[in-house]
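Read through the structures below before going on.
Paired with chain B in one complex and with chain C in the other, chain A is shared by the two complexes that follow.
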Partner chain A sequence: MNTNHQTALAQKLLFLADDELILAHRNSEWTGHGPILEEDIAFTNIALDEMGHAATWHRLRQELTGEDVDTAVFFRDPAAYRNVQLVELPHGDWAFSMLRQYLFDVYELVHLAQLATSSYRPLAEAAAKIRVEEIYHLRHTAAWVTRLGLGTAESHQRMQTTLDTLWPYAQQLFVNLPEDEALGEMGMAVSPSSLLEEWQHLTTTHLTQANLIIPTNHMPPTTDRADHTDHLTSLLAEMQSVARQYPTAVW
Partner chain B sequence: MDTQWPRYEVFKQDRPGEPHESVGTVHAVDAEMALQNGRDLFARRPKCHSLWVARADAITSKTAEQLAADDAWQADIDLEAPTETYLVFQKQTERRGMTFTTHVGEVEASSPAHALQQAITTFPAEQVFVWWVCPATAVTRSEEADTLPMFAPAKDKLFRLPNQYRTVFTMQKIKRGKDVIE
Partner chain C sequence: MITTTHIWQALEEVKDPELPLVSVVEMGIVRDVQLAAGSVHIKMTPTFSGCPALDVMQRDIAAKVRALGFTQVTVETVLHPPWTSDWIADSAREKLQQLGITPPIRHGGNLIPIAFLDVATCPRCGSTNTILKNTFGPTLCKSVWYCHECQDGFEQFKAL
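Let's turn to the complex of A and B:
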């Protein structure tokens, strides 16, 4: 692996880690506020799983860059985060959080199946392991999408409004970035755009069965992972506050 | 008006070949969600191979005292009526905190009372504190293919174990008056 490939791979791992971490944090905001106790626990579990996946990707990145995981998470400014905007949007209502997690879960399953064949072995092994958990996440969020989509007039309307909002944001997951070419040459990771067709097929089928109309706007608000909304700034201010206040604390 | 979702009893099997045991209840809108909620509440940390859920109102429960008090519960048994399969569960001990009843087998019966009558003769035991019978059609079961994604990931999660946290050690240090923030 030459320096170019190593840099590209570290960057890819940062994309993976930041998407999972920020989504995990947003989901964790439901802890103690879920619609019923059982769902509060279920969704908190999912948040915790995603947090674990973020840690896995960060550790793989640390092997390449030497940057400490806690430093990367708690002492990095918003401008240096590389998550898509989809995951940093405020958690909204229950329909919003369920649908966002669903759209992300389908993307992850499609993506992880490909990453599991990566020529970079640590990445392939981690992807295969994480994929098992994502199967369950998808089962849970897909079930909610169906029930809310086909539920009451209000739940259906909330789902459709949310889908109209989230659909363009979700498209950012499939934007090819400069790193992807080098990684593709080495067989380390497939390009995001190559995942779009399967994702679109799976989501369109399921959402349509839930009586939801697929939006016609496929234009992501941004194609640059360095580009963030103000929501990320406030999220990180809260998430990083304790670590920054007590930088030498142990836990 | 009761605004709670229906209650489902959750039955957990730890390993293949072992009986399913009732471990608690969940609220859920339907059986699929009950299965998922059961997984998240009762199978994410302890060992699990398979889960069943049954709507609580489909289960007929009788204590040994209730059955012994009089024969009234057997009054309406119609032996000519068509039968269906019932699952039979027994609470066999008062010593176990984590489970309530254990699945012991099936009977063919025309009603819950008939199923209880059949259960008592089919599954005699030295001590049964509580009997449960439930039509097999009211039970939803996880499938063999679910075992890996639903129950396997927890095995590798060391953070679920209390000894993964330095809290106890850190507290001891604090109590001894040591400054833990280095």
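Let's turn to the complex of A and C:
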């Protein structure tokens, strides 16, 4: 592996880690506020799972860059985060959080199946491990999409409104970036755009069955992972506050 | 002279913090024990990646081996081959049952039909007249079910 490929791979791992970490943090905000106790616990556990996945990607990145995981998570400024905007948006109502997690879960399953064949073995092994766990996430969130889409007039309306909002944001997950070309040459990772067709097929089928109309707007608000909303700044201010106030603390 | 067999035996006493009767060996979490020139190298694998008990288990495993008199002990986390609930030993399955938790079905690598199978045997009465209430129970590794016969809930350790 030459330096170019190593740099590209480290960036890719950062994309994977940041998407999972920020989404996990947003979802964890429901802890203690879920609509019913069982769902509160379930969604907290899903958040915990995504946090574990973020840690897995960060550890692989650390092997390449030497940057300590806690430093990368707690001492990196918003401008240096590389998550898509989809995951940093505030958690909204229950329909918003369930639908966002669902759209992301389908993307992850499609993506991880490809990453599991990566020529970079640590990446392939981690993807294979994470993929089986995601089966349960999808089972959970897909059921909520059906329940809310076919539920009451209000739940249906909220889902449709949320879908109209989230659909363009979700498209950012499939934007090819400069790193992807180098990684594709080496068989280390597939280009995000190659995942779109399968994702679109799976989500469209399921959402349509839930009586939801697929939005016509496919333009992501940004194609640059360095580009963030102000929501990320406030999220990180909260997430990083303890570590920054007590940088030598251990637990 | 302490051999790897003694180390495996000692590790049978390290329990899974979330399932206090079940050892990390029975759970299939300890994958390998190497002993060379007085230093011990252990390979462990996570059950569910987000499991908060992983760090505790890693510490407990290292502490247990040090207690045997070894000073050089490393515990490495490996992801391959990925942990499967098929590795949970029969002895552990019996203990899960005693704890009121239905053990996972052995799937032999074909997980998806099992993950979507809406049948679990009630650990109290043995009935399969049950219904899944939630894929995510009080911990990541457990789902929550309801038994129509007992008219009460129970947990199942998820197949992975």
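By definition in this document, the second predicted complex is superposed on the first by the 251 of 251 C-alpha atoms of A that agree within 3 Å, B and C clash if a C-alpha of one lies under 4 Å from a C-alpha of the other, contacts with A are read in each partner's own complex, and residues count from 1 in each chain.
We adopt the following convention: a residue touches a chain if its C-beta (ideal position, glycine included) is under 8 Å from a C-beta of that chain, and two chains touch if they have at least 3 such contacts.
The shown structure was predicted, so the numbers you read here are calculated from the model rather than taken from an experiment.
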{"item": "Combined model on chain A: chain C and chain B, fit or clash", "value": "clash"}
{"item": "First (chain B), second (chain C), both or neither touched by A:R139", "value": "both"}
{"item": "Which superposed partner A:E38 touches (first chain B, second chain C, both, neither)", "value": "both"}
{"item": "First, second, both or neither for A:E125, with chain B first and chain C second", "value": "second"}
{"item": "Touched partner set for A:P221, first chain B, second chain C, both or neither", "value": "neither"}
{"item": "Which of chain B and chain C A:T56 touches, first, second, both or neither", "value": "second"}
{"item": "Partner chain in contact with A:P90 - chain B first, chain C second, else both or neither", "value": "neither"}
{"item": "Which of chain B and chain C A:G187 touches, first, second, both or neither", "value": "neither"}
{"item": "Chain C clash site on chain B (candidates 43-51, 61-69, 115-123 or 169-177)", "value": "43-51"}
{"item": "Footprint overlap on chain A, where chain B in one structure and chain C in the other make contact", "value": "38-39, 41-42, 45, 49, 52, 129, 132-133, 135-136, 139-140"}
{"item": "Chain C - residues contacting chain A, complex", "value": "46, 48-52, 79-80, 82-83, 111-112, 115-116, 133-140, 144, 158, 160"}
{"item": "Residue ranges of chain B touching chain A (in the complex, touch as defined)", "value": "5, 26-29, 32-33, 36-37, 39-41, 44, 148-150, 152-153, 156-157, 159, 166, 170, 180-182"}
{"item": "Chain B-touching residues of chain A, taken from the complex the two chains share", "value": "36-39, 41-42, 45, 49, 52, 129, 132-133, 135-136, 139-140, 143, 147, 246, 248-251"}
{"item": "Parts of chain A lying in touch with chain C, wherever the complex brings them together", "value": "38-39, 41-43, 45-46, 48-53, 55-56, 122, 125-126, 128-130, 132-133, 135-136, 139-140"}
